[in-house]
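The structure under discussion is supplied below as structure tokens; questions concerning it will follow.
We call the chains A, B, C, D, E, F, G, H, I, J, K and L, going by the order they appear; numbering starts again at 1 in every chain.
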Amino acid sequence: MGSFRVIHGPNLNLLGQRDPNQYGTLTLEEINEKIQAFAKSKNITVDILQSNHEGEIIDAIQNSGGLTGIVLNPGGFTHSSVAIRDAIEAVDVPVIEVHLSNIHGREYFRQTSLIAPVCQGQISGLGHQGYILAIEYFIRKIISL
Amino acid sequence: MGSFRVIHGPNLNLLGQRDPNQYGTLTLEEINEKIQAFAKSKNITVDILQSNHEGEIIDAIQNSGGLTGIVLNPGGFTHSSVAIRDAIEAVDVPVIEVHLSNIHGREYFRQTSLIAPVCQGQISGLGHQGYILAIEYFIRKIISL
Amino acid sequence: MGSFRVIHGPNLNLLGQRDPNQYGTLTLEEINEKIQAFAKSKNITVDILQSNHEGEIIDAIQNSGGLTGIVLNPGGFTHSSVAIRDAIEAVDVPVIEVHLSNIHGREYFRQTSLIAPVCQGQISGLGHQGYILAIEYFIRKIISL
Amino acid sequence: MGSFRVIHGPNLNLLGQRDPNQYGTLTLEEINEKIQAFAKSKNITVDILQSNHEGEIIDAIQNSGGLTGIVLNPGGFTHSSVAIRDAIEAVDVPVIEVHLSNIHGREYFRQTSLIAPVCQGQISGLGHQGYILAIEYFIRKIISL
Amino acid sequence: MGSFRVIHGPNLNLLGQRDPNQYGTLTLEEINEKIQAFAKSKNITVDILQSNHEGEIIDAIQNSGGLTGIVLNPGGFTHSSVAIRDAIEAVDVPVIEVHLSNIHGREYFRQTSLIAPVCQGQISGLGHQGYILAIEYFIRKIISL
Amino acid sequence: MGSFRVIHGPNLNLLGQRDPNQYGTLTLEEINEKIQAFAKSKNITVDILQSNHEGEIIDAIQNSGGLTGIVLNPGGFTHSSVAIRDAIEAVDVPVIEVHLSNIHGREYFRQTSLIAPVCQGQISGLGHQGYILAIEYFIRKIISL
Amino acid sequence: MGSFRVIHGPNLNLLGQRDPNQYGTLTLEEINEKIQAFAKSKNITVDILQSNHEGEIIDAIQNSGGLTGIVLNPGGFTHSSVAIRDAIEAVDVPVIEVHLSNIHGREYFRQTSLIAPVCQGQISGLGHQGYILAIEYFIRKIISL
Amino acid sequence: MGSFRVIHGPNLNLLGQRDPNQYGTLTLEEINEKIQAFAKSKNITVDILQSNHEGEIIDAIQNSGGLTGIVLNPGGFTHSSVAIRDAIEAVDVPVIEVHLSNIHGREYFRQTSLIAPVCQGQISGLGHQGYILAIEYFIRKIISL
Amino acid sequence: MGSFRVIHGPNLNLLGQRDPNQYGTLTLEEINEKIQAFAKSKNITVDILQSNHEGEIIDAIQNSGGLTGIVLNPGGFTHSSVAIRDAIEAVDVPVIEVHLSNIHGREYFRQTSLIAPVCQGQISGLGHQGYILAIEYFIRKIISL
Amino acid sequence: MGSFRVIHGPNLNLLGQRDPNQYGTLTLEEINEKIQAFAKSKNITVDILQSNHEGEIIDAIQNSGGLTGIVLNPGGFTHSSVAIRDAIEAVDVPVIEVHLSNIHGREYFRQTSLIAPVCQGQISGLGHQGYILAIEYFIRKIISL
Amino acid sequence: MGSFRVIHGPNLNLLGQRDPNQYGTLTLEEINEKIQAFAKSKNITVDILQSNHEGEIIDAIQNSGGLTGIVLNPGGFTHSSVAIRDAIEAVDVPVIEVHLSNIHGREYFRQTSLIAPVCQGQISGLGHQGYILAIEYFIRKIISL
Amino acid sequence: MGSFRVIHGPNLNLLGQRDPNQYGTLTLEEINEKIQAFAKSKNITVDILQSNHEGEIIDAIQNSGGLTGIVLNPGGFTHSSVAIRDAIEAVDVPVIEVHLSNIHGREYFRQTSLIAPVCQGQISGLGHQGYILAIEYFIRKIISL
């Protein structure tokens, strides 16, 4: 049914600790477990990556040959990284941008994404479910639901 | 498992006809059938409304007592209607904003939503799946997945 | 001493329910009773209208022949409706714009009124008293206080 | 030679009354008579609609199957209605936007039209002749003048 | 029933002389007499101050212990004085901002008030009645009308 | 019935060659023939000028004594020439601005006209018919149609 | 031949000391002597005022009854004082704004004057001659040169 | 005592005809006579040029070797001509920019001068006296008044 | 070791009273005692001034001959006073701008300082310690630590 | 190997004289000699034009049939001439924009080029070499280096 | 008395070499020695880090458990790194932002800090003393000076 | 004749794959071969680096002692990296910025370069020839062509 990559951007390794009102109380490990449980139930494989380094995220997007889809939470790079945008544009794998919090209701500089325009779409504000719904989208599309 | 309302804003009754590159080839009727099929599979009830009139959409949001959630595609009202925003803020039912196309990659005036900041979240660019994933979110949240 | 019309714009029918910090705890019915009590004490007649439909508000302004003054709370239409502005400009009856909350201290998009420039004046932040003070103004002006 | 629809937007029913310097002294009825006289002389049929309700204008654009062209004066909706824009984009009938006054020489917010970019063209500042010249355009185009 | 202070900002001592279309034909003395007559009729005390000096207005706001309310027409300082804003924020007495003319319909730089956001509310465009209505508001609030 | 001048601005001598999607396939000569044929049918005289030089266009506007009207396509000068604007303001002959393409739907810098505010009106997007409709307007106005 | 007032705004008492490239090497006393010498040669009287206090400058403009003209260098108040602007608008005496340095070629915030729009005119960049030329203007105008 | 050039930009040949409220009732010829009378009284020579062509004005600035000063009214080129600015920067002769009307109190686009930053200074709003005062400045500077 | 002046701008006399979250709980008197205790420990002299009047602050900066350094908290004048900026530029004494609260994290209009660019530097957000650290800087610089 | 045209825009005839820090010490004649020497060494022909007139530059671009490429330094027209842009768009010959100075590091208004978007590319900051490298590019492209 | 971390951002390893007017003549090594000498005198420990990699700086902020405070000079990342901002917000250790030069008086893009709003405060323009004063602040706060 | 470094920024390793309309069909390897062939023909040495990591590019610029020149294509970092800008400013080696595509004709955010202002110059839109022409420039400058 396909293989996927989930990329968590900078500071998401601190989840559960940073402003729980915005980001929820789950740790990154707990979120990843939920993603893997979902993957198992759907019979797909998901590899998961977290990095605070823009370059490593670019590399991970570039090295995505053979994947069915990428789910990317670019964190703070969302609003400044033309380079991540260019990486997404250059590869053939479709990408969905996910944000835990509803960025449209936060500080002004968080409301514009440089990256979303070159993605398949964006899910924001739905917490860790965003990652799972993004994968669900890819699956539903493949089997034409 | 809950009851839901899907509100389609202006011009969505023309789906299948308007710019298929952006909006897909399904008609609104076909999308609604998919939503109802999903609802049936999940054992929930969904009522669906389409209107070209801002006031009717405000009324439909105000009269949402007892619903578990609203899925709203505000169409062209997304970018200008403070009144729909105020209606969402005034009721207790959570709302998810959905867009068929990826509004973040379109004309400048389509990239800012007046409505998203008062919603639970926003899904854009995932076609008709956006409606279904929004309902899926409400269900997963209730059963704490 | 004159006859007046009070027009409440969209979502004001939900008063008492929506964000009491901004809008107070009175329901619209209670506010209307206070307005009518005041009218009685001053020996004037006031008709009161609430609508979530921009077109109905335009109609109500257009059909104001014979009135001494209009008190208009345009709600969310304040910031986007050139059409209501044009209606006010086209009729001879003076209009005072009223806002329950102090719009000058709220979100950026609420701080500019498209409608105020063609009104006699604007009262904001004085709660339901704003409606009564606006009518008081018309009366005081007639008797040259 | 074709059948046409003329749509007058909000407040145009007050013509002859609102600021004659900008809008001229003719009433809407008188303008419509001139349009019908022109239609008769050209052997075409024109149906004419005026509405203060955005939703009704959207409906009238959507229900235009079989028409040769639409002449639309969106009035105050010109500057705020993405929904009317989307309706025009979704139908196959060509639309010409007409303004009685020269909007390019008026208040700042009147100088940008959200609607013109999806129309065939725009005529402004030529008073009631604008409607007639728009129809003349459609006729001349059909007979390749 | 309370004691009040009315503060007239810069150039209001010239009333009756400066642009009567905007500011009316009454002199400041005549306006003050009307305010005092109103005060007498309501059995309250009002002290009145006019100054062209920003610092004196700040002092007058700071020295307001024991007052029930302040009615402030900041004149030209409305649009530039963060210091007056800070003074209002720092004291406990509620302040209502009043403008004789409708500032929302004037030059661009007059349409934004730095001071209104920290006031109870704002009344503009109602001439000298604005001062009296502001005091009326305080009285009505005390006796819960 | 009057005498007219049509002024074609810079690069319009290249018509038929430059981006036919925007400007059509007719050459300037062919357009001028259509204008002259129309003039003949209406029994009026039209002189036609094309120039790539801003100063020559200013001269042609200044030397318009005795003309009934000017039809001006300012081309690229539309968006930058205060001097042409001033020339139009200084003479008594009414001017209509014409654009072959629909400038409201093109690049951002083409959407604002410095010249239109001082013209009688503007016609855009109606191809070469724009010139003829502008003259038609002048004629209809003279004979009060 | 008339009597005049020259008002030097804040920090002009430090002339000769502050950035001589911008403001020249003359002290304020030396400039005033040149102004008085010129006055004597023209048989007019000039009184001269310097103040660092906005309120004092407003007072000096208000108390100008009987003067033929005021020459005002508002210094740093040029860019922020709506109150000085209002004072000039309220009195009948014509005012010319003078700047020693060429403000149009300096920091961005110095390039816009809130005050110039209500003055007779502005002279900038001509050093101390600006004061003298402004008075010369008033004299030449009186004797119709 | 020096030789000078006065350059009148586009449309100034129409003076006396264009908006007398802004530009006065004198014709360009009458203004030039006043300038020459002044020149004679001061024993200097002035040559005077008017052109509607930006290139001719650039040429006239470039060919200014041996002149003591240039007085330039750039008219509508003030706000758009980087090329005239560059010409002034490239020659050694000092230039004073003159405007008949007070550009600081007119339309927004007239309030910024691209040219003034590279001039000695700017005089605006003093009518034809502006030209004479500019020359007076050069003379006073030479004889160190 | 030098003599210093500390200038507290408008409303700082209310410290301890105004928004303690932003400004702390110390009164101005208590802060001044801490500054003097520090001065004593360092064997320097400090004179301290508070004023709500922009002009008095300008005077205090101008009369600073012989001082080693000035520590200035311009309060609300930070964002609007070009005149205080000019005073600092005109004197030889170095100035450090201090803010009790972290202005970079507050309202938009508080984030830009007109005054900081002409100071030696700026300290913000460190409460009353900011004054002491500023003096410490001057001392450390003198003895080349 | 092809024939080329080099077009020097306004004020470039003054090279060697205007601000040598920005533009170098070579005169235009010396630069042209270097270009011709290069042309000779490459066995190509280059004709060279300088003009201060926007219209002449448009003419020169329009009359470029048969040329291999144009090298254009638009000087001050870079930032304002939509008409030159349109000329380039209308002809088939590729154009490279060249600037002697690095416009990206200069005044704000010099950093945006209206013309570059319709050129093959832009070279800036490389002095007179820019012209030669632009021609070199055309040659290398032809022989597929 | 606590342990601290000083983080030097990109290019600070080149100190002494880059623009000494802005950054001083000390090398980074010399600055670090001064910091360590100060630490010794205060009996505290300081570890010091320099990195040109945004990700390494994020890591260093995240791994700050047990520290009393961080002193961060984010260099060029100050103006673009939302990710560093998010790291600071997520950890409990207070951070003070330090800049060697006075960023408020430099290029426009250097005047806004994305990072300062989530720091305790900011010190800029005080050279290497800024680091020491920041540590001094932490110490003084602990012992309640 | 000198030694050079070519630095390819993020995503340039994907050349040949990403949008060939913008970037051409050559792979990075093929471009590098062309650069080395050119180097050989000119008897110079070039080392070539590609990195997706901003920090590595900063390091490569800092470690450029002894090089004659750097040719830098900053890719997506062009528009956001103040840190790369600072590195270039801090070293003595001249840098030329190169872009394969014509960035001036692309998305808005690609049209401004933070880096170009501190480079010698910029070449854009000339494909892989841009690298070679940049080196050619350095060579021609050394031998004074």
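In this section, contacts are C-beta pairs under 8 Å (C-beta built on N, C-alpha and C of every residue); 3 or more make two chains touch, one makes a residue touch a chain.
What you see is a predicted model, and the numbers here were worked out from it, not measured in a lab.
Note on connectivity: the fewest chain-to-chain touch steps from subunit B to subunit F number 2. Taken together, subunit C and subunit D share the touching chains B. Using the contact threshold fixed earlier, the set of chains in contact with both subunit E and subunit J is empty. In summary, the interface at C-D recurs among the listed pairs J-L, E-G or G-H; the equivalent pair, sharing over half of its contacts by residue number, is E-G. Counting every residue number used by either copy at the subunit J-subunit L contact, over half are found in both chains. To fit its Cα atoms onto subunit I, subunit H must turn through 120 degrees, a value rounded to the nearest 5.
Centre-to-centre spacing of subunit C and subunit F amounts to 47 Å, using the average Cα coordinate of each chain. Per-chain Cα centroids separate subunit D from subunit L by 54 Å. Shared interface positions of subunit H, i.e. residues touching 2 or more other chains, are given as 53-55, 80.
Under the touch rule stated earlier, the contacting chain pairs are A-B, A-K, A-L, B-C, B-D, C-D, C-E, D-F, E-G, E-I, F-H, F-J, G-H, G-I, H-J, I-K, J-L, K-L. Here subunit G touches subunit I in the complex through residues 9-11, 13-14, 17-19, 51-56, 75-80, 109-110, going by the rule given at the top.
By the touch rule above, subunit A contacts subunit B in their complex via residues 34, 38, 96, 102, 104-105, 111-113, 116-126, 129-130, 132-133, 136-137, 140-141, 145. Within the complex formed with subunit D, the residues of subunit C that make contact are 53-55, 58-59, 62, 80-87, 89-91, 114.
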